[in-house]
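Look for subunit A in each of the two complexes below; its partner is subunit B in the first and subunit C in the second.
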Partner chain A sequence: MFIFTLRRLNLFIFTMLVLTLISFSLSYLFPGDPVINLSGQLNSSEEQLALLNENYHMQDNILWQYWAYIEHIIQGDLGLSMSSQSPVLNEIMILLPATIELSLVALLIAMFIGIPLGFIAAIKHNKTSDNIILSVAMFGYSIPVFWLGLLAILFFSIGLGWLPSAGRISLLFEIDIITGVLFFDILLSDSPDKWQAFQDATTHIILPACVVALAPATIFIRLARASMIEVLETSYIKAVKAKGLSFKQIIFRHALRNALIKIIRHVGLQFANLVTIAMVTEVIFSWPGIGRWLIESIYQRDYTAIQSGLLVLSCFIFIVHILTDFIYAALNPLARGNKHGS
Partner chain B sequence: MNLLDIRNLSIELKTKNQNILAVDRVSLSMKEGEVRGLVGESGSGKSLLAQAIIGVLDDKWHVHADRFHWRGIDLLRLDIEERKSILCRDIAMIFQEPMASLDPTTTIGEQLAEAIDSKQLSGFFWQKQQQRKEAVIRLLHKVGIKKHIQCIRSYPHQLTEAICQRVMIAIALASRPVLLIADEPTAAMESTNQGQIFRLLASLNQLKNMSILLISHDLENITHWTNTITVMYSGQFVEAGTTEQIFNKPLHPYTRALVDSSPKANLQLPSKSRLMTLPGSIPILQHLPIGCRLGPRCPRAQRACVEAPKVQNYHGHKVSCHFSLKDTY
Partner chain C sequence: MAREKIYQEEVFPSPFMQLWLIFRKTPTAMIGFVCFIFLILLAVFAPFLAPYSPVEGHLDMVLLPPAWHDNGNVSFLLGTDELGRDMLSRLMYGASLTFGLSFVVVIISLIIGVIIGSLSALTKGVKSSFLNHFLDVILSIPSLLLAIVIVAILGPGISNTVWAIVMVLIPQFIHITRYAVKEEFRKDYVLASRLDGASSFRVLYYSVFPNIVERLMSQATLAQSAAILDIATLGFLGLGAQIPLPEWGAILANGLERFYIAPWTVYLPGLSILFAVVATNLVGEGIRHALKLRKES
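Up next is the complex of A and B:
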């Protein structure tokens, strides 16, 4: 298990190196002076510029420049945002938790709806309920997310008035930012009406999270269905049947875990897709997350923000990948432990 | 009274285009304490027959039988649930690939423990866990696994094929079955391990009077262990009798060919000469011949063979052939 962790960590470090290489090369590929792209200081005087050049080793060869860039990242200096002239890291620290919150809630919704539905479809293979679930999944997968978001606002917020259409929480509540994740902040705050605030935050997240969750949920349905059908046809399920266990016992004791193992890796892969959907959804629902911020930075040609935003977002996705790998290893005895001769 | 009495069991695969009769009216009967071999080439429907008996076939296979008696109980009259409970209580089965027949994500101990029926355990519910554990260890000792602590904790992929097969046998023994169906228990196993498994089965048969239906494609190998043998070809019944009858006086041309193709029966054959074989190979399911399915390959086939022969009984030696070898002995 220790070696397994070490290998994942190793992979993480090298992937991060490659990612920094890409974001570093962006400073040369974007128009303008590389040092200004890296630091984001637009209106600097001659002396400041000289100091920046000194700091980023712009006179030395490109390897030194890259090294200086990595040093800056490790120190937590991602430069200033070109549009707001405030440190990018501060902005990201405020915005990223909102995106994490939205995407994780959406992932949980997608998993808790998609995977059980897929299993039901597999158990009722070739029956009506299977066909219904499959066609609903196909339908859900084909709906574009921006259109769905607008429809959801039109129907649930404007038409029925059940759920709010924009933002994370009503402006009436004043919650101090401690962790950045709103739900934790509410619970940590000592405001007298924190339960109202909690309820309000919950109603705010339902609609965007469901919109984000739809496409991944349909993919999970199909993955879960395929893997469950595969597992139910294996010979160990036949052997368990011959043992005399009831159908419920077969499903819950043997089929479920083996089918989950096959899906869990795809969950990690789907997460990148889910974050992309979340970025679009953030724009529609005015969710103050990193996706909306990144899209705005692209419009404003805020090169420093684009560079650092990409770096942080891909880092987040990669961490989720590694986490799913750990869950996979926890469920699958074949993945943990050392293999000999294979 | 027969332990198991099956008459004219057919298994049909229903597809959109055509219905394929994979097993065509096969009869099988077993006595208490008997070891019966079920022999046939790969694809002759032996495994299908076994899975149909224990009732684990998929929905796409349709099973039909004229008679299905188990210890005098007519199982066809019972509904599915009752039939299943009787069969699971009294019949156990071990499969071809032991490693694939064990759940890869559950430890051996858990898989063994759940096979033990809680009716066998006495005492209160807080004692049951301990009793179950003891029963698991006893079962492992019974099949000759001494390092029970290691075995209980390991997953199937950490054990060898032979140990996995022993575990499968232990699981099968957990319900104290009257009949054990062993579906090629030693396929893909080394010969020393094969011997161990067969010896274990033979000792179980003698000590516990457990009947065994031993399925194999290797006629020569299982004759050491069986009392009686049933031969199948391409889903049809060929011949049934005691091991001596089948091996020394085969009545069906197919059995004759099977016996002739084994080197042991041909010791008088000069060295480096070819063994006797039938021309061609077993037909695939989509293109089955009408009548006797051996017809196109049979050395004694005549015009009458386009109609399926009736089973003839010569003092318990049953054969299904129009032109049996009875008159040549």
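Up next is the complex of A and C:
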């Protein structure tokens, strides 16, 4: 486990280097002065500009500049947003939890719907229900997410009037931001109508979360199906069949756990996919998350925000990646490296 | 003179032909394939087939519903949008933008990816490990996010979108080519041709490529369905095709304001995207299914 941790740590440091390098080179690739792109200080005077140049080591060679950039990042200084002139880090800290909330809820929905369906398809391999589930899954990951979001709004919000179409919570409720995750904030707040606020937030999240969840759910269906089929063909399943265990016992006691483990490894990769889908969904549902903010900063040519937003978002995705790797390794001894005698 | 078969010669079809023979037997894959060919033809011949110009408005025919509607008009089969532009023509031209461009994008990135991938498969040591890590990092960033960043650097526009998606798709092809070439290089037939004195390049060209071409094709269909969705999404977000261009995502975004009074301006482009992606995925599924069956037989 120690070597595994070291390896992951190594990968993490390497990735961070590459990501910061990309984000640093963006300041040169974007139009305009690199130092202004890095700091976001648009209307600075001559002295301020000189000070900035000093701070970011702009006169020195490119390695020093990069080092100065990393120092700034470590100190938590991501520059000012060009459009609002407030620190980018503060904005991200408010927006990122909203995205995390949406994507986690969507991930849970996707897993709870996708994995059981995939298992059912695998158990009924090559029968009608398998084919139906597979063709539904095919449509699921072919639907463009923005179109699906619009249809969902048209049907559930405008047509049936069941669920709200935009935002995170009704503006009537005043919730102080403590953690940034709305559900925790509501529970922590001492407002008298806490439960109404909670219900309202729940109705707001259902529609966007379901829209985000559809494509990953279909991928989970396929993953779950493939891994279950693989497990059902192994010799230990044949052995328990020969022992005369009932079908239910075989599935629940032996096959399920081994099939689940293989899926967990893919959760990290799917998460990256899910966050991108969430970005587009945020635009449609006016969800105050980092994706909408990032796309708006492209419209406004807010280069500092694009640069830092990309860095934070990809860092976040990568951390989830590594976390799932760890969970996978903790659950599956085989993944921790070759054992003696194997 | 017809050549008669005197000997009962056993004919072994080439791997590619074997794949085609299995592929042909799956009805869903064939339906997808026909739709795929249809879309390609549409993309190429849209200017000759479309009844009207995609940008020219008919101001007396504004917001006309599709022909099967009570208020519809047969000369505008799928209705018109808020400027009286014929939806059918716009969608047909859109096929050459969204679908046709995605096809071109995939071909370009396939070629670049295969060249880099097969060269890198021949390298060993630090260079190879660096490339591996680097690819891992790039592949862990979602394609759309990367495309959005590249578009942010280059500025919005359809040609920039194309370059962005080409760049985004290249790592996938490098990865799969590298993996496939390395796997083939371990096999005995490669060793045999090495013993015959073939250079690495010759082995690659004559022995390895014919054996991995189907895997590349299956990856290409995956890449194309992603490319269609990415082009459409960027168009929808206003970062890709700009306003008068009839790109499907852009048409959809355009119809958004009149969503409730003219739902067909949103339904139809969405359905077209769905159709294109499903057709591509069906072909891809068919290839993968056939590959699996060929391996088993």
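One rule holds in what follows: the second predicted complex is superposed on the first by the 334 of 342 C-alpha atoms of A that agree within 3 Å, B and C clash if a C-alpha of one lies under 4 Å from a C-alpha of the other, contacts with A are read in each partner's own complex, and residues count from 1 in each chain.
Basically, a contact is a pair of C-beta atoms (placed from the backbone, for glycine too) under 8 Å apart; a residue touches a chain by one contact, two chains touch by 3 or more.
Predicted model only: the values in this text are computed from it and were never measured.
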{"item": "Superposition on subunit A - do subunit B and subunit C clash or fit", "value": "fit"}
{"item": "Partner chain(s) touched by A:188 [first = subunit B, second = subunit C, both, neither]", "value": "neither"}
{"item": "Which superposed partner A:142 touches (first subunit B, second subunit C, both, neither)", "value": "second"}
{"item": "Partner chain(s) touched by A:257 [first = subunit B, second = subunit C, both, neither]", "value": "first"}
{"item": "Contact breadth on subunit A, by residue count: subunit C or subunit B", "value": "C"}
{"item": "Which superposed partner A:239 touches (first subunit B, second subunit C, both, neither)", "value": "first"}
{"item": "Touching partner for A:132 - first (subunit B), second (subunit C), both, neither", "value": "neither"}
{"item": "Distance of closest approach, subunit C and subunit B, by C-alpha atoms in Å", "value": "11"}
{"item": "Set intersection of subunit A contacts, subunit C complex versus subunit B complex", "value": "none"}
{"item": "Subunit C residues within the subunit A interface of the complex", "value": "133-134, 136-137, 140-145, 148-149, 151-153, 225, 229, 232-233, 236-239, 249, 252, 256, 259-260, 263, 266, 269-270, 273-274, 277-278, 281-282, 285"}
{"item": "Subunit B to subunit A touching residues, read off their complex", "value": "51, 54, 56, 58, 84-85, 88-89, 92-93, 95-97, 100-106, 114-115, 117, 155, 157, 168, 171, 175"}
{"item": "Interface residues, subunit A side, partner subunit C - complex", "value": "11, 14-15, 18-19, 26, 29-30, 138-139, 141-147, 150-151, 154, 158, 269, 272-273, 275-276, 279-280, 283, 294-295, 298-299, 303, 306, 310, 313-314, 317-318, 321"}
{"item": "In the complex with subunit B, residue positions of subunit A that touch it", "value": "233-236, 238-245, 249, 253-254, 257-258, 261, 331-334"}
